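Please find the structures below.
Heads up, the next two complexes both have chain A, just with different partners, chain B and then chain C.
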Partner chain A sequence: MTKSPWIVVKWVAITAALALLVWIGGKFAAAGSLWAVVGVSFIAMCVLAIYGTTRAVPMKYLFPGLFFLIALQIWPIVFTVMTSFTNYGDGHMGTKDESIKYLIAQTVKEVEGTPRYAMSVAVKAGGDVATGDITLLLTDPKDGATYAGTPNGLASLTDGVEKGPTGKITAATGYQILIAREVNARSKDLSDIVVPTEGGGIKTSGLSEAFVGKASLQYDAAADRLIDTATGKRYMPHNALWVPEDGQGQSLTSGWQENVGLRNYTDALTNETLRNGFVKILVWNLIFPLISVLSTFLLGMGFALLFNDDRIKGKGLWRSLLILPYALPGFVTALVWRQMFNQDQNFGLINKTFGMTIDWLGDPTWAKVAILITNLWLGFPYMFLICTGALQAVPTDVKEAAKIDGASGFRTIRSIIMPLVLVAVGPLLVASYAFNFNNFALIFLLTNGGPFEGNQTQVGSTDLLITYAFRLAIGGTTPNFGFAAAISMFIFVIVALISLQGFRRTASLEDVN
Partner chain B sequence: MTATVTSAATPAHSFDAPPTAKRRDPWQIVRYLAIGAALIFALFPIWFIVAAAVNPSGNLNTTQLIPDAFGMANYGDLTNARPFWSWYKNTLIIAGLGSIAAVFIGVCAAYAFSRLRFQGRRPGLMTLLLIQMFPSLLTFVALFRIFTDLGDVIPQFGLNTSIGLILAYLGGAMGGNVWLLKGYFDTVPKELDEAAKVDGASHARVFFTITLPLITPILVTVGMIQFIGLFNEFLLASVFLKDVDAQTLGVGLNALLTADRNKYFGAFCFGAVLASAPIVLIYLSFQKQLIGGLTAGSVK
Partner chain C sequence: MHKRVYGAVALAGVTALALSACGGSSTPSASTAASTAAKATTAAAPAPATTGAPVRDAAVDLVIWCDQDRKPIIDKYAAAFGAEMSIKVAVQVSTDVRKDFKDATNAGKGPDVIVGAHDWLGELVQNQAVKPINLSAADQAKFPAEAMAAAKFNGQVYGVPYAVENIGIVRNTALAPDAPKTFEEMVTKGQALVKEGKATNAVLLTVSKTGDAYHSYPFLKAFGGGIFAQKDNGDYDATKVIVGSAESIQGGEQLAKLGKDGILSTNVDGGIVDQVFDAGKAPYAMTGPWAIDKAKKAGIKYAISPLPTIGGKQMTPFLGVQMFYVSAKAKNDAFAQEFVTKYVTKKDLQIDMYNIGKRPPALTEAYTQVAASDPDIKAWFEAGKGALPMPNIPAMNSVWGPLGQATADIIAQKATAADRLKAAQTEIEANIKKAG
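Let's look at the complex of A and B:
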């Protein structure tokens, strides 16, 4: 090893990386997230140990990839798997305590004649005045005591407090106080904020005052019941929701997140409504990629044979034109096909051209046909490309031998060329099946899973598992991440089985040595 | 299959008796007709987009295969309604930086998997393969939470930033490319780097000065496939980029069409033509390399 100038470059790079990490760690420390600081310090130590020494040579090459893999692929997967065992979703976002605080705070009303706090609005020092979490800085009118209030509770505040003539706090250590204009810009956030206190909460009134109100809902910790003091109704915890003890009326709006074990999985398989939807989607999800792969392969192979003929002039140009559908971004072509399938003859090119009145995207069967046609158009250039490659790799002497033996052109294709091509493209067909199994973008942009029949709003006629799970998790009005995560585990297992089966039939795994 | 019987009677002799100039092959006409049909099938939707783009009346109602007028009105509509060139810039930055970083990460990992021997190499490769099969779409919820939290502390890396989105894409950088790149490394003779090692070169020197230059062609190919993939990526971007100025072409154009399907159809098509230009150019100029990259590992 020679001492080259590169050693300097190396240490400059290490120092720069460490400086960046220290800066990031500092930001997290200021925000008070201890775990993030620990994580960043650990990464910094890894960088130093891997690149600062001459050991761990493979790690020097793997570390950047591993870092991103673990942080942004493995951790999200682990999170998703863990979520699949919970009821995390709409109305079940926080903890039980948070739901109690939230529900009580929602019922806070001002009691006539109670004194008002002088209020300043602040964000944590260094935070963004336009988006950062708001803290209310409050001064008690009776004894002048000062507090910091957030939706998590009220805390005494004394560090570096300076008060104005009205008792309003004008400075406090660790907080940046908003000026009137900034406060006004956040008036909507202000009106939503409630600081929970014993038996009620503090709400804002205008931009510089806050009142202590009483909540009509009370929590009885001993009995674990929420009691509506106005009506006397008692609510008990049941299935992560507050339900009326007498069984009459609605449950309260906010529940909490809890582990439900395998319920999401068993629901998908046993719950009548969910199961019917799930099975229906699964069947279409298995058929759709099969037809897609077969149709695109047949068309692509046909075109490849056609264009591979030496008697055709200008093959290069024709080939370039033929792969254009593949070169255009999918978000463009899928959306344009959607327009072309419009039922109205004035809008829909296909109905207009062929003089038809088919309700392409509104009829369950025709919507499936429309998807298959679109995917045929989108997918055949890829098959054309790989089949052309495979065709050109068929040795000429084999073809000549077939000719000498008196085989016809068709016979040569069927018995000589096709088997050779299939051996070559077989794994790619399996990969294509796996890809189309999760072809989210096509369905999302073309039909978004629809049409939806009758009063069925969750399961569309062209839904794949992945679009169904997406609607459950993110797209819908009442997200149910837990169930969506369980569905994605089913998808994972199916795709892994298909792919492993495909790989087993090929030699690709044997290359690992 | 009964093809054996019919094939004997089929006079389509693809491989015997190459036609002479004198004997006109009646099948030649059929071939050209078939090619014409294939091209019409492949190109008519593209023609539809171009026709809608240059038709100045601009809405869906008047769009037809042969535009009745020609003009740039849609371009004006597009750039007046939305920050189209900001989208373009964002997309190029994200796809450009993202693909360079992804190729660098991938090539480093592939070198380790191909050339270095360490514990867990084989299971590591298999795990990478397995991870790729998880439907990444559903991890968007987790990614969204990670980047919301990150953005609260460091706004430069959060949602609505190009850097944040690039970082999110890099999660798949190692798994996505390592198999293809490793396969290519395996074809480079080991004797070359062993000879250099005997001469006293360090592993880093072997990697940067000997192996990397030898695999430049596949680096270009993988880089371009990655670029095209990121340029066209639409789903994660639509979850991450809510600010209209921070959006990419795919997210922005899709939102434009969603806003008013009829009114903005011409503007959408004009934007779509401009947005497709770089990718179409890459495809047409690097056809051979791209095809090689797409089919590598099976068609040898």
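Let's look at the complex of A and C:
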């Protein structure tokens, strides 16, 4: 390596990258995620080893791509696979211990007829306000009696007690009273502290009040059961939920996250609605992207050929206009089209213009047509763009040779231009197919999968697998991300197989070169 | 469409996760009912490019999340609270409080207090995100019983309400001077106006192709039907779905008749209700307070009245309650409890919140003062009398889709009311069972 000013630039860049990684690592460390810190350190070492030395020259070029491939492609897939083996979803977010603690805390009720104390929070005089053992200084609002409450119990307090206007103790011998901010800093300790009394326990509420509360749920650790003390009902853990032991009534509100092995996959395979809808949806899911790609390609290619002709004036302007639909946000376009497809001529521009009464979004067949039309509008400018690019790359001498050989215009397009264009755009057509295969936003905004036939809301006439999976796992019911992940793995396999096949086919196109 | 194929392939894997971000927010709620109504009309306006959750400000002593509209008012009281306690309070805007709060709290980065609708409650408890508030009995008595009932889950109070909302009949007084007593009267009067060419729609009601359970519920409720049966203590019972009951079917038959007569149509969605009413082309709209601002701007002379009777039975809407919640994982729990129990119960705060949202304040004292000067508020409150709170149990997530679609299908004459509502009941029960 030659010495040059660039070496300074190089080391500045390396240092900057390392500094960024240290900063990110610090954030992860603060959040307590060990594995993320290990990962970041590994990347930092890679950066140093690859760019700081001359040992791995090819890696210098490969590393950035590799890094983003892993971070943005591989990791999400791994994460999805991992999630698919859990029951992660609404009601199953935390651990079992958290659910026990939370459920019990939710049942703490103020015991009727007990006083609501005015409260000050104190530590022993000379103690540390941030860590010292907390004593609650309480004033009974009825008789003004004052107490010191600790986890050991309630004791009368009279020594040097001074009270504020609300009855709150402002000074007491032997205690240091915490100011609001100090009290708040001890929020966690305060939510744990209970001063046992006869009827239950005194708990704090806010900064200056305490009440006698009692939980109606108890945990029996030996039997691993939650017991409702009011009704005597016992709840046992089952499928990551607390279900009634006698099988009567509802399970408790909150469960926990656990590994469920292959259950999400077996559920998906044995789910009756999923099975019934699957074939119907898969067929439409295969046809929809196919027609979309073909129609957008034909229209885009047609325009590209037209505007590639030298006889057309003002090509730049025409081309800009044609790209406009592509420049508008797709979801806005979809919503505007939805309005235009309204059956009622008072609201729907399309039926009004053509004097029709077609129920575009309410009839299963017309809804499919409506989606294809909208996607044609959304997609052709892109095809126009890439075809224009590819056309301009077709050498003029080939075209001239065709002309000299006496080929007609159509013959030239079919035999000379198309094969050359397809080499360039073939892979993009496959990619476009794969994208439309999962075109969630369009379906979601235009029809939401509907119309729904046959008195149900599970399988819609325009559903793609992805919108269907969304409704099944997340949209129409209590969100279950584990199940959604399992279904998206099925979709992943289907798309991967189709894409693989597609690329094999397009590879054969390159033989013309 | 220009994603590279790797992108497309990976997309399949990650889409479910990315989409999961939209989960839950697709169900209507007291607050989203308003936004769905607004959605279609603002279709042409670009949405904000980023919808990320706000990042919790670590340097402050109390963090509150709310939506953009309410921030100025909450800022004012947060500042007062901060001054009293000599602390720093941050009020941050979230574009989707419900989802952002759930996710952020789960990751330990949530706020201490959120402002939201009461029907999020069950879902938030299910995910261990909120905790009970110890509002004294005396404080609870300052609110109407219905509002307090909405703030409760399993008998515990989880929020302090600041506003209530419900639908009623908004009429264009130029076309229909008198408050309607019966739905039949509205239909007759409306049809006459349509015949004269003065209106295009007799009665406006949000239906849409996928249906709208929130707006259809009063029809079922009129005959004693509804969604869930109530337990003795007033809580909704998720194990007793009554969507397919004989009473609900009677209501469904009314929808079928109105659909057949062309009064109600699946071509009318929330956007069109506003559009037609604000153009002065319909005498009646069955809608809520969110429609008023637009009607005023359009220069429509309007009046608000309670829902009428249908088939001789009184219709009642769902009651929605807006409230302040305290996070179960609040880092500043003591301040959060103090703010919510001591400040949200202040009359001034409730009146200021009314000035933003134009909903009746929940605090009775504040309502009385506002109602004396604002007839709209009095009318909305009257229209909400006797209304039951929208269910806040998690099982409600399983209801919106199937019931909405059922009402749409009934109105579109795709099935009879009895068949369709019974089918919806089966579907809802299966969904609830699946969720545990």
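Descriptive notes on the structure:
The definition used in the following text is that the second predicted complex is superposed on the first by the 264 of 513 C-alpha atoms of A that agree within 3 Å, B and C clash if a C-alpha of one lies under 4 Å from a C-alpha of the other, contacts with A are read in each partner's own complex, and residues count from 1 in each chain.
We take it that a contact is a pair of C-beta atoms (placed from the backbone, for glycine too) under 8 Å apart; a residue touches a chain by one contact, two chains touch by 3 or more.
All figures in this text were calculated on a predicted structure; none of them were measured in a lab.
By the touch criterion defined above, A:Ala393 reaches chain B but does not reach chain C.
Applying the stated contact rule after C-alpha superposition, one finds that A:Ala36 touches chain B and leaves chain C untouched.
Touch criterion met: A:Lys403 reaches chain B, while chain C stays clear of it. Looking at the shared chain after the overlay, A:Thr253 reaches chain C, while chain B stays out of its contact range. Applying the stated contact rule after C-alpha superposition, one finds that A:Leu428 touches each of chain B and chain C. When both complexes are overlaid on chain A, the residue A:Ala122 reaches neither chain B nor chain C.
Residue contacts after overlaying the shared chain place A:Ser191 against chain C, while chain B stays out of touching range. By the touch criterion stated above, A:Val336 is placed in contact with chain B and with chain C alike. Within the superposed three-chain model, A:Ser499 lies in touch with chain B and with chain C [touch as defined at top].
Residue overlap on chain A between its contacts with chain B in one complex and with chain C in the other: 69, 72-73, 76-77, 79-80, 83, 329, 331-332, 335-336, 339, 342, 346-347, 382, 386, 427-428, 434, 438, 440, 466, 469-470, 473-474, 481, 484-485, 487-488, 491-492, 495-496, 499, 503. Of all residues in chain C, only 1-17, 19-20, 22-24, 26, 40, 43-44, 46-47, 61-62, 85-87, 106, 122-123, 125-128, 131-134, 136-137, 154-156, 200, 209-210, 238-239, 265-268, 271-272, 275-276, 328, 330-335, 337-338, 341-342, 394, 397-398, 400-402, 405-406, 409, 412, 415, 419-420, 423-424, 427, 431, 434-436 touch chain A in the complex they form.
Contacts from chain A toward chain B in the complex involve residues 1-2, 6, 24, 27-28, 30-31, 33, 36, 57-58, 60-62, 64-66, 68-69, 71-77, 79-80, 83, 128, 132, 303, 306-307, 309-312, 318-333, 335-337, 339-340, 342, 346-347, 349, 377, 380-382, 385-386, 388-390, 393, 399, 402-403, 408-414, 424-428, 434, 438, 440-441, 444-445, 466, 469-470, 473-474, 481, 484-485, 487-488, 491-492, 495-496, 499, 503, 506, 508, 511-512.
Residues 3-4, 6-8, 10, 12-16, 18-19, 25, 28, 31-32, 34-35, 38-39, 41-43, 45-46, 48-49, 60-61, 63, 65, 104-106, 108-109, 111-112, 116, 118, 121-122, 125-126, 128-131, 133-143, 145-146, 152-155, 167-168, 170-175, 178, 183, 186, 200, 202-205, 207, 231-232, 234-235, 239, 249-250, 253-254, 257, 261, 265, 268-269, 272, 275-276, 279-280, 282-284, 287, 291-292, 294-295, 297-300 of chain B touch chain A in their complex. Residue ranges of chain A in contact with chain C, taken from their complex: 69, 72-73, 76-77, 79-80, 83, 90-91, 93-94, 98-99, 102, 105-110, 116, 180-181, 183-184, 186-188, 190-191, 203-209, 211, 213, 239, 241, 243, 249-251, 253-255, 296, 329, 331-332, 335-336, 338-339, 342-344, 346-348, 361-362, 379, 382, 386, 427-428, 430-432, 434-438, 440, 447-448, 450-452, 455-458, 466, 469-471, 473-481, 484-485, 487-489, 491-492, 494-496, 499, 503.
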